[in-house]
Amino acid sequence: MSEFARPFTRPPHPLLVEPSVRAALVEDLGRAGDLTTDLLIDPDHRAQARIMSRAQGTLSGLVCAAGAFRLMDAETEVVCGVLDGETVHADGCIATLRGRTRALLSAERVALNFIGRLSGIATATRALVAAVAGTGTRVVCTRKTTPGLRMLEKYAVRCGGGFNHRFGLDDAVLVKDNHIVAAGGLKPAVERVRSGLGHLTKLEVEVDTLRQLEEALSMGVDAILLDNMSIAELKEAVALARGRAVLEASGGITLETAREIALTGVDCISSGAITHSAPALNVALDF
Amino acid sequence: MSEFARPFTRPPHPLLVEPSVRAALVEDLGRAGDLTTDLLIDPDHRAQARIMSRAQGTLSGLVCAAGAFRLMDAETEVVCGVLDGETVHADGCIATLRGRTRALLSAERVALNFIGRLSGIATATRALVAAVAGTGTRVVCTRKTTPGLRMLEKYAVRCGGGFNHRFGLDDAVLVKDNHIVAAGGLKPAVERVRSGLGHLTKLEVEVDTLRQLEEALSMGVDAILLDNMSIAELKEAVALARGRAVLEASGGITLETAREIALTGVDCISSGAITHSAPALNVALDF
Amino acid sequence: MSEFARPFTRPPHPLLVEPSVRAALVEDLGRAGDLTTDLLIDPDHRAQARIMSRAQGTLSGLVCAAGAFRLMDAETEVVCGVLDGETVHADGCIATLRGRTRALLSAERVALNFIGRLSGIATATRALVAAVAGTGTRVVCTRKTTPGLRMLEKYAVRCGGGFNHRFGLDDAVLVKDNHIVAAGGLKPAVERVRSGLGHLTKLEVEVDTLRQLEEALSMGVDAILLDNMSIAELKEAVALARGRAVLEASGGITLETAREIALTGVDCISSGAITHSAPALNVALDF
Amino acid sequence: MSEFARPFTRPPHPLLVEPSVRAALVEDLGRAGDLTTDLLIDPDHRAQARIMSRAQGTLSGLVCAAGAFRLMDAETEVVCGVLDGETVHADGCIATLRGRTRALLSAERVALNFIGRLSGIATATRALVAAVAGTGTRVVCTRKTTPGLRMLEKYAVRCGGGFNHRFGLDDAVLVKDNHIVAAGGLKPAVERVRSGLGHLTKLEVEVDTLRQLEEALSMGVDAILLDNMSIAELKEAVALARGRAVLEASGGITLETAREIALTGVDCISSGAITHSAPALNVALDF
Amino acid sequence: MSEFARPFTRPPHPLLVEPSVRAALVEDLGRAGDLTTDLLIDPDHRAQARIMSRAQGTLSGLVCAAGAFRLMDAETEVVCGVLDGETVHADGCIATLRGRTRALLSAERVALNFIGRLSGIATATRALVAAVAGTGTRVVCTRKTTPGLRMLEKYAVRCGGGFNHRFGLDDAVLVKDNHIVAAGGLKPAVERVRSGLGHLTKLEVEVDTLRQLEEALSMGVDAILLDNMSIAELKEAVALARGRAVLEASGGITLETAREIALTGVDCISSGAITHSAPALNVALDF
Amino acid sequence: MSEFARPFTRPPHPLLVEPSVRAALVEDLGRAGDLTTDLLIDPDHRAQARIMSRAQGTLSGLVCAAGAFRLMDAETEVVCGVLDGETVHADGCIATLRGRTRALLSAERVALNFIGRLSGIATATRALVAAVAGTGTRVVCTRKTTPGLRMLEKYAVRCGGGFNHRFGLDDAVLVKDNHIVAAGGLKPAVERVRSGLGHLTKLEVEVDTLRQLEEALSMGVDAILLDNMSIAELKEAVALARGRAVLEASGGITLETAREIALTGVDCISSGAITHSAPALNVALDF
């Protein structure tokens, strides 16, 4: 799949992608298949078509789209115009397809749905990345992803120049309010986690106040999520931390506020909106 | 699941919903499970929490959220404050949960992701429905849905007061440009379809011009998709059709243009944006 | 798969067929595989074999059989003698196979089981179609299919010249007695359905009497199932309907009664027996 | 499930049956579910219904039908009138159901399809068993079963009083013509099998002539399939074997010929027709 | 797959092996894939590597390992040095791989895990087989296998020169103590089994005493499991049986005791340890 | 499941465990189910049985065993004598079961296979943990696990008092020789990883020499794997590192060498043998 993606975007391996694409095709074919196409298009009819963008954005999902056309007919040729992770212009050609017309028509909607959604996320991410350009602050995603598409949506974030947060509940610890309360305080919580955690799993703590921040820093945690802090608080947090932990600003990040937040010196700003509320990129298939 | 939904929204049967919810939980639990919760929360600790909305909108997805909490722990109690299909206000309580704290914390994100996404769609649909209120025109969805979630996103459209278009390539025929070209014209295309189609499958034809519309009407098709027509053309289309076919206006429908389009007298306006570009409803779990 | 089927029979896409064929092979291989063949046949031994019919009939299922041999060994060559949808004569050769002997022997029973069952259905359908030839009446199937094989059995009906009824509970509405009673009459039932149904889904009503028929016609439904009516009633029904709805005669259709029923002028006659009680076509593999 | 079956019919464990029943329900519900029922029946409406037989036969498949109603709604009550393996009379009540009307209507067709097909097989088996009653000859099935339903169809054979042959290619060895040719004769074939076969797997050889039979007997195989032998040959085969191997008569077994064949003294007669060509038992759901 | 295995080891068909290998790769790739390799290795970089054994043993599992490398990248070349079922020496080269470096690195651990475990079993089996060499006694396995890997572990036993016992609860009957008690004695138990069992399923009885052995022999069962008998008892058992049933010695079989037990003349000795407690063969991938 | 496990062993959630247990039961039941039990045991017969250990060890897998008995029959009662993570003595009772005899007999082997294998791992882990007791060094596992059972085998390591290393290729970075070579040195490799890695993923580097160790330390990596170093080198490594990175000694760890290695002051010692070569704990079911 790496043939369809810009270096360093790290598209998931086909063993991971193919089941999602196959399921999406089967979801669309239903039990009776593509009635219209099967009734009207000769099985041997061949055509050329182009995946076009109707708007400017950052491409993501071509790896899925190419998979969709090839699963529908292994002989379909897919030639890229733009790679996942690159900018596509309005009316730009994303890829050229050649093959049996039936396969092109029957896979069209699924292919476009993948590109539309994932490019929407990549485009929203890229905008946020651009907003903080030069500050050294990273844009990171959250677990606020579409059920069943997390792996692909995290990939879209990378296509947009963002970085990935946890992939699930199991690849890092994130201690929040309720955990702290249940454990009887931040310190006992961190100690309890450490007594059971493997040496290759990071530990982040969510804090609301600078006092909690100090406590977390004193415990030597790997990262600290600064929840909904003001610019002033964030600045002070950076000063307090002096690089002893990764600082992640979270809550209310928008295109408008991002740069100011980044300029406080936090290491990352995390945004749920880039995955859960990004409008789809408008793409179409032209014959 | 009907206990969590307003009458007539027709939530999909648990046999259809459960696999999606289970897959989403497993996607989040990964291989090592909820590290933080399992390390910090006593298995017998119990709590009460409330699913809250941070914004006004139309609820959808409580059927999935309730399923998520119950799959995590069958003894979790879910008491509704609002039903799928109803309006939830900013800071309104969607549901109250009582049960083991572990289950509440471990299922939280998946449950909120379902509600956020589906309520986003329902809310966008409801806005469009409101825009055309009183005109008699229906808002319908498209196949521009998230791969793997079509059934649920079509349900969200119903929760918002919209109606469903095709669920896939197999439950109705929609003849488009390329099909017409391949068949040598609209008339031979329709004839060819009819010679093979079962008597319980509807036939819609997409037209770009009034001349094509007349041809389609003369063929007695069930429905006609009017693609990107101007208000003037739509009015004329309605006059030409005189109820002989369902007329569906499509292309460039926005909250701003919807009412004027509806007032032309078309039967339906279809919108991809309500599914592919609806921002998520902001929901949270408060302990 | 269209290479193994007569035009217009519309074999399901390999993405839909392959899982069934694969599951059938795995069901037969069990955990230890084909003991006899693996113990006695050299892996490199090659052979030629022919799928033969021991009786005359209409072929269906070659798409599955070819899939079975190829899944067992991708290099197996399958050359058709007859296509799905065509007539095969007693002692006629359906296809010639060339490849590794192990694959031919291990896939044999599964391949023949698919052809036997589906050709049985196609043959029964063809007989009914022949019985009503020239009347303009269509033979349609029902949902009385083998659990798990509906898609393929509906395809077999098409191979036999029949047409498909609903594929499931979800692609058309069929209002029956119990629904009418629950809704408080035919009229309120139809109205309630219409208030919630999408514009691309057809609505059929089952009626037992001519009075009900008149009521259904007055509601403008798409199709009406005439349940177990006498020839006289059917004639009157046709006269009453004057083409305002598709009329489907159902109940007690046999090869003996079909023509008389068709001659009443009904649009379709539906038969469960063509799927649930068709004897298998007798086919074998000859080396 | 044993609560729905006569002793000794050995219904497969629910862990094995449930996936088939669930798949059949999902196949029928499709993506949009039971449109008619969901639109017309109140979720809390309750009803009683009876599964009735329209013809006399031997029941099989109630274990699946009960599973279907319960999977649709766990609170549905199923009370048996007849058990799998027992005789049901024309217009006899198979079971009484009480529960939510929606569940009864939505599961109806799947439940009846299982009972119809499996009872058809049980009934055909029972007829053959009756034909050979008192001879001591067993009726056994073959691998000529519907793809995906082998386990259930073998159970239906047991319900009809028949016995099971191999369940697949892996639970016994059956050496046929082509294997013998490939191995260079019956003797080397049997020797080669024995050198690799576990001590708990039986070995049957198919023979066409009495000379082959003698060779097989001299090898001490467990069972011998006598393929398409005349009554005279079968008698001689029995005399030759003197109980040294189980003798199975195969080929052209019909209700007419079965008794004469059984009276030759063979141990079993095997029939593919009881599984592949049994007409369904006519069953219905009455409210 | 037979290209990677010595004749007569009968590797399971790829249709049966591939799902296990695919699942193991997906288990290792998780959601984010091979982070290290994807970040550091160029997608087009190619390499050669060798699967090496660090110890002497009997090879098994190359069929899985080859599958793993090919599933990761279909163009990976695998050239065998040793076949499944053959002896590999310490520092011997098992196979040479050529292909994309990413595929080699990402599939490495899964491939080695399969070879390590299965070769461990083959090696332990071979040692036991060697211990009884020349006695005519077979080494057989049990159902004490790793959950999910039975088919492959039974294959490993064959690679080591052992023979397979039952593959599951369904391919032979093994009557044990509790069954005998429940049935009211060995005789009624055997009679009851026979009245319901198909003619191609073997019947073994477990006995603890010579008296039970005599009873079992008098019933003409196919095989008798002699549980934890002394050498003297085993000798007497062989004398009593005089070849009328297969005798299987079980319990406490070790490399030290095996030969003496075999010399009693029993037909088989069964060992759970060869599957459940065999240490893995030490294998590695050298670039 | 936590009811069957000692606190802090963190058994995987039933949503993760159940599919493995179900698959193991289905693997054992095959197509025809438990022939012996179904033929001989009355469905309503009830019994009590005890899971006994025949040897001393550390228990793991009761969560799976309990699941197996309950999946076979939801009414089976399981009462613990020992919890996962606790010591069980030779002839100690692990759990008492009460329920239908059929369920106890049919689930027996699967339940014991899980306990045997996982307790074997826990026992081997516990022995290594005991060997380093008081040194402050942790015992950690590797990815050398049985294909398909990684999650459970990692749990068994925790039951034995060990800690978990990576769960897969995706939850931490481990840079090895080949990666370093491909990246042109350790420094560029670490830099390249960091430029793409999320802030919640740890980075470990494998080194063979103290010089490489110094380079790795200078890069500020999270952990360093010291591959096959001598005791002297390990001591020097600890001195060099001064706590700046977690040090993991790997290679040739045995019960004999572990303590001396631990006493060098390394943070962890990792062992593949505790998962890939642990002999099963001898457990049985006594009625």
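Every chain is named by a letter (A, B, C, D, E and F) in the order it is written, and numbering of its residues begins at 1.
Just so it is clear, a contact is a pair of C-beta atoms (placed from the backbone, for glycine too) under 8 Å apart; a residue touches a chain by one contact, two chains touch by 3 or more.
Note that the coordinates shown come from a computational prediction; the quantities given were computed from them, not determined experimentally.
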- Note on the structure: A student comparing A-C to E-F should find more C-beta pairs in contact for E-F
- Message: So the centre of each chain is just the mean of its C-alpha atoms; given that, what is the distance between subunit A and subunit B in Å?
- Response: 23
- Distance from subunit C to subunit B - Cα centre to Cα centre, in angstrom: 32
- Express in whole angstrom the distance between the two chain centres, defined as the mean CA positions of subunit B and subunit E. 52
- Spell out, as numbers or ranges, the residues of subunit E touching 2 or more other chains. 8, 10, 27, 29-34, 39, 106, 150, 164, 167-168, 170-172, 174, 196-197, 201
- Message: Is the chain-to-chain touch network here best called a line, a ring, a star, complete, or other?
- Response: complete
- Complex contacts: residues of subunit A adjacent to subunit F: 8, 10, 138, 140, 158, 163-167, 170-172, 195-202, 204, 222-223, 246, 248, 267-268
- In the complex of these two chains, what residues of subunit F are touching subunit D? 22, 25-26, 29-34, 38-39, 43, 71-72, 106
- subunit B partner contacts - residues on subunit E that touch it in the complex: 27, 30-31
- Note on the structure: Interface with subunit B, subunit A side, in the complex: residues 20-21, 23-24, 27-37, 39-42, 45, 47, 64, 101, 105-106, 109-110, 112-114, 116-117, 120, 143-150, 167-179, 182-183, 189, 192-193, 196-197, 201, 273, 276-277, 279-280, 287
- Note on the structure: Residue set of subunit D touching subunit F in the complex reads 2-3, 8, 10, 12-13, 15-16, 150-151, 154, 164, 167-168, 171
